[in-house]
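A, B and C label the chains in the order they appear, each numbered from 1.
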């Protein structure tokens, strides 16, 4: 066994790490907005907005039922055949966003639906309108309940962002591949990258747990007595 | 792996292409069978290792429990594609050479074992402690209590989590493409390179295949769950 | 006449739960509805403030027809207090916030005014010191009292109570009934669905006995409890006294 490691790899890898964070952050944020809309359509759209409800449901099934890699490849390699061409970075963001939105839609839907019906009833009984009830009673609770699965999804997206190196984006994996191709030290470079990911996810987990603790309310969630 | 932008006029994508892609279905199915073989192999590896790690995490002495927790953290934090690359380039360091398929089974299997360990651990911990007490009161040893009372219940409670894991891992098998396994994604690429306008129809077809397999698999698992269901034995939430 | 209910009908699937219920309430009256479980008593209350929409029938609050499609139901609901069996305090808000929310968002009060008013009502139910507690930190009886404060703070014309003590442990029932009794004495118009016969006997101006979706008999407590006119009323009361061992 002959291992080699060079400090000169680190600057490029750090650059890649920054891009990884960008990709993850952007797609999670955009995915959250889209996901929330999809979730609301799925919950409240049955009567009045039926076509939108169907579209939202179809979207969720499609993007959760097919691999991220297929989605990415379709966007980057297949769409150009019909004249729709994206840069690797944009294609990556698009694929990651569309993918995470479907998962986040389900997490939001689950959280909103687990706010007990009595809460809505009590809000209406006070004279709040449906919209007010959703805004002041249901959402504050749902957003807290969604933190655990959302945190999980964030971790998944950090790992998912690694896949976009296959279309040439120079995030952490992409930079690693370049260094490996140059130095032929594939195993060693990838071990270093693995350490990067381990550290990153460890830190993220700590931050997310802190957020959960700060927004915790006794009785809200599985830790409650009610 | 970048596609060369030739600047040539694109051949148009016509209805004929959407129809002719179906003639490639056997090729794609052949590729899919590789994904499914990979799926079976890695779930098997993941199951055996996962159960062991879960038992260690719940019942083991402190040292092993820490190891189990660390194991879970490592294999859940490293991106799947990186695990594949590590398993592909790793053995060479030790003078071993393994096939891409084996590398994929091992890499994804290790990852799955970490997630299955969590599922199984959750199931074990959801069983009321009274069950173990009753078993011990009857004279069962620790090992016997685990084998005859806890495991059967834990396995049933894990079914929902496994359904989830199945759906996730099925999709991960496509990543084996990156280390050269000739599975369905690679087949789709071949089709596209042979006949450029068929790229989109081929990928759409692959997507449909995954939808079918996923929902069929979940349906089967749902039936198994129904068969094994015992009234009163449900996860406490 | 403060409240008038006319010929309410409600069907769930094949089952008709309310089969034409009519009665009225004058200002300051306390009426108690008793009857076997599942006879539509809760449904009746929910139809009055249209949390459940009746299939047929009309309801008037003073001279406004609540059941009319033209009416702004939110504004009506702000004038009718509702106390739930499950309390339904907003889990994510403190007791004070629970009582304040309606004042700020529905009545448009300033935070200062709302806080003062809310603290008044919390003090009235004896829980001023628990203003910053979350529902999960309160006992069942305390939660229900906060829920009553929440309803009172809105200055309602009438309060509906849907089995307010049924979800409480026995030793906590007394504190809630005491608050309700004070309310009745102070002149609040109340419509209460309950199994607490002692309360019904002492506090009610009139008892309404419902069974199988219809009002079987109504009258002052002395009449209903001592000499009921209908055999079904007598039958129910006999079963209840056997169960609860007489007046409490």
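We adopt the following convention: contacts are C-beta pairs under 8 Å (C-beta built on N, C-alpha and C of every residue); 3 or more make two chains touch, one makes a residue touch a chain.
These figures come from a predicted structure and were not determined experimentally.
The set of chains in contact with chain A as well as chain B is empty. Central chain assignment: A. Criterion: smallest distance from chain C-alpha mean to the mean of all protein C-alpha atoms. Chain A and chain B have centres, each the mean of its CA atoms, that are 20 Å apart. Rounded to whole angstrom units, the spacing between the C-alpha centres of chain A and chain C is 46.
Distance between chain centres (mean CA atoms), chain B to chain C: 55 Å. Of all residues in chain B, those touching chain A in their complex are 1-3, 10, 13, 73-74, 76-82, 85-86, 89-90, 92-94, 167, 170-172, 174-175, 177-178, 185, 188-189, 192, 196-197, 199-200, 202-204, 206-207, 210-211, 214-215, 237. Those residues of chain A lying in contact with chain B across their complex are 1-3, 61-62, 64-71, 73-74, 76-83, 88, 155, 158-160, 162-163, 165-168, 173, 186-187, 190-191, 193-194, 197-198, 201-202, 222.
Taken in their complex, chain C has these residues touching chain A: 49, 51, 74-82, 84, 86, 88-92, 101-102, 105-106, 134-137, 150, 154. Residues of chain A that touch chain C in their complex: 118-119, 121-129, 132, 136-137, 140-141, 144, 217-220, 224-226.
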